[in-house]
Each structure stands twice: as C-alpha cells, then as structure tokens.
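To start, the structure itself, in structure tokens.
Each chain gets a letter, A, B, C, D, E and F, in the order it is written, and its residues are counted from 1.
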Amino acid sequence: MNATLVPNNSLVTATPEEGRQLAIKMARLVIKATQPDEAVRGRLREVYANDAAALIQIGHVVALEFATIAAANGYWRS
Amino acid sequence: MNATLVPNNSLVTATPEEGRQLAIKMARLVIKATQPDEAVRGRLREVYANDAAALIQIGHVVALEFATIAAANGYWRS
Amino acid sequence: MNATLVPNNSLVTATPEEGRQLAIKMARLVIKATQPDEAVRGRLREVYANDAAALIQIGHVVALEFATIAAANGYWRS
Amino acid sequence: MNATLVPNNSLVTATPEEGRQLAIKMARLVIKATQPDEAVRGRLREVYANDAAALIQIGHVVALEFATIAAANGYWRS
Amino acid sequence: MNATLVPNNSLVTATPEEGRQLAIKMARLVIKATQPDEAVRGRLREVYANDAAALIQIGHVVALEFATIAAANGYWRS
Amino acid sequence: MNATLVPNNSLVTATPEEGRQLAIKMARLVIKATQPDEAVRGRLREVYANDAAALIQIGHVVALEFATIAAANGYWRS
C-alpha cells in the first residue's frame, strides 16, 4: 500500500477551515506511517482520547502543522 | 453535526485580544474533534484544570496557535 | 468579570524587557482563563514553583510568547 | 561508517509528499546518530510504536522538521 | 529587587556565541522570576542537573530563546 | 576551561549536512554548560540512549536548532 503523507500532495487549501482539516490529516498520517497496524492504532486511540495530557499534545502537533500550512497559504489573507 | 475548526473560517481579527480568544477556541476545537464525547471532555476538564503540568501545556498550545494568528494579522501593528 | 487576555490589547512594547514582562503576563492570563478559581491556582503555584520540570516548561511557554512579541516589535532593532 | 544526517545533502524536494518523507528520514537519522546500536533501536521501536504519547511526540518532531523543509522549498507554491 | 528579564535590555549581540549566552541567561531569568527563592532554586538545580529528561528540556528552551535572538541579529550574517 | 557554545562562533555552514552536525553539537554544548561534570553526563547518556521518549526529545531539540541554522543559511538554496 502506497501511504500518502500529504493528501493531494499540496499544502494549498481554499480556506483556513480546510487548512485545519489538512493539519489534522497530516498529523494522523505520520502516526499511521510509524505504526501501520490498524488494530494497534485503534487500541491507542482509546488511550489518548481519554487522556487529558495526550489530547493536549495532539492539539500541539496540529497547531504546528497548521502554522506551516497557514504560511504556505499566505494566511488566506485576500 | 458539522464541527467547525476555525470560527468564521478566518484568522483575521480586529485586535490582539480577539486573536487570543480565537487561539483558545481553535485549540479547544481540535480537542473536540478528537474526542467528540462531551461527557468525556467534561471529566478530562476536571483533570487538566487541577493539574499544573496540564495547564502549562494548554498555555503552550495557545501560544503556538496565537503565533500563527498574530502573523496572519501582521501583528496588528497599524 | 471581563478577563483580559492581552494587557492594553497590544503586542507593542517600548523595550525587550517590557516585551518579556508582557510574555509572562500573557502566559499567566491563559492559565487564569482556563482555571478561573484563584484558590486552585494558588495551590497549583505551590506545585509548579517547586518542581524543576514544571518551571522549565513555564520557561518554554514564555519563550514562545516572547518570540511572537519580539517579531511584532521588529526585535526592537532601531 | 559515515552516517548521513541529510539524505542527498539537500532540503529541496520536488513535492510536499517527498518533503514529508525527508522530514521523517531526518528525524530518524538524528536518533540513529544518538543511538547507533541497531539492536537497541529495534527494542525501542517496539516501545514507541505501541505507546500513544511517544507516537504523538514523533509526530511533533516530524512536523517541526517539515516546517523547515517546507520553508526551504517556498512551500512548493508555484 | 528589580529583576531584569533581558540583560542590557537588548537582543542585539556581537556574535552567535554571545547570543547563545544571552539565550541561556534569559531562560534562567524567567525561572528566577517564577521562583525567586534562591534556596529552592538551588535544590531544584540538583534535580535537573542530574536528570536526562530535564537537561534535554533545558536545551529545548535555550534553542527557542536562541531562535528569537538569532532572528533579531539577522543571524550575524555579515 | 572556556566552553564554547557555538563552534567557530558562526551559524554559517557549507551544506545542510554540516548544518545538521552543527545543530547536534550546539544542542550538546548547552547540556554540557548546564551539567559540566563529564562523569554525570556519561551516566545520563546511558539513560537517554536507551529511552525512547528521551531520544525523541533529543530529536526535537536538534530539529529546532536546525531550523535556526537553516534560516541563517538561506536554506542552502543556491
């Protein structure tokens, strides 16, 4: 299976909302590439979705991915 | 329910104060998207609101979201 | 009570020292917004002020807030 | 053995997907330089691939490497 | 006592080495402002100076302070 | 002994590979400045070189140092 790390192979999105969705997807795809076993990821999802510290760290990673995507899109200013 | 990740689908705000409010909201909406169950989030809120390390990490994420929003707004300089 | 997240609603400061003070205040105000109960914050302060890891993490958040403030002020170069 | 830290000694890639692959490789090569023993790294891989917090932290590092690579490539805009 | 957060109230340094020294000092001065009791800081120093994770985190904060100082100095390029 | 925090007192390197080596060295030199006792550092090395979380955090710090070095070198583009 050819895992794609960047959907559509582009950082350009039409809106900030779509940029945010891309940030979430890109963060997930790195984890998928590191742990390809879906059953294991499912078990770990149960862990982090119920752990405050882990959820905050996920928010941290998404914020960082989004910073790059936002810069790539000129912050959707005009 | 159509969860919105970026309120008003824009990073532009009138003032730094509003930019900061947006940063807090965007950080929360990622957590909501990751853990949609409101009852679970309520329990976790009790945890992180009473844990020094977790509160500092929340501050970290907000600071990172704000960095992007501030850049998007040209730091509200003029 | 109308919590202010950015004192004076501006990232502009006269000097780096004042920028650093603003970074510390902004970091604290996010924690205050997340945990508004002053008694709880007082207890947590006892924890983090005596914990090496927590103090380092506070330094991390302040450094990140300061990066944004410094950029907003053109690094106080001239 | 002459460990290479940056494959092809360049941050330039043709696409975001390849930039992301480079980010993952560069993150791994630092760990390899710090812990050159392949057997130890194999054992640790078992640990982090089954630990939610560790996987999220790996995602964090990749996001940071990618931010640099994306800037180096002008975000593959044109 | 009037704690100074930025020595000389300036981010400008003559060289990268001095910029790095400033980064270390600025990181320490935030911790001093948060925990002003010298005896407590002395005890905590014993902790973090002998803890691998804490030392790495200190390195992290210094790297972030340095990023800002380096940008302020145009990376000492010319 | 006059510990040097930035080898050659410059962020300029000929190639990304050398920039990456500089990032690793600069990260190590901060730890050396914080814990000058070589015997202690040797013991801690045993700890972090066999701990997945610590190795990932080292990768994180190196990525951040490298971001600054890469910017200082205009990403070695031309």
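Assorted remarks:
Assume a residue touches a chain if its C-beta (ideal position, glycine included) is under 8 Å from a C-beta of that chain, and two chains touch if they have at least 3 such contacts.
None of the values given here were measured: they were computed from a predicted structure.
Between subunit B and subunit D, the least number of touch steps comes to 2. Taking the mean of the C-alpha atoms as each chain's centre, subunit B and subunit E sit 27 Å apart. With centres set at the average Cα position, the gap from subunit E to subunit F is 16 Å. Within subunit B, the positions touching two or more other chains are listed as 48, 51, 53, 57-58, 60, 64, 67, 71. Arrangement of the chains shown, judged by which pairs touch: one closed cycle in which each chain has exactly two touching partners. Starting at subunit A and stepping first to subunit D, the touching chains follow one another round the ring as A, D, F, E, C, B.
Those residues of subunit C lying in contact with subunit B across their complex are 4-6, 9-12, 26-27, 30-31, 33-35, 40, 44-45, 47-48, 51, 53-54, 57-58, 60-61, 64-65, 67-68, 71-72. Against subunit C, the residues of subunit B that register as touching in their complex are 15-17, 19-21, 24, 48-53, 55-60, 62-64, 66-67, 70-71, 75-77.
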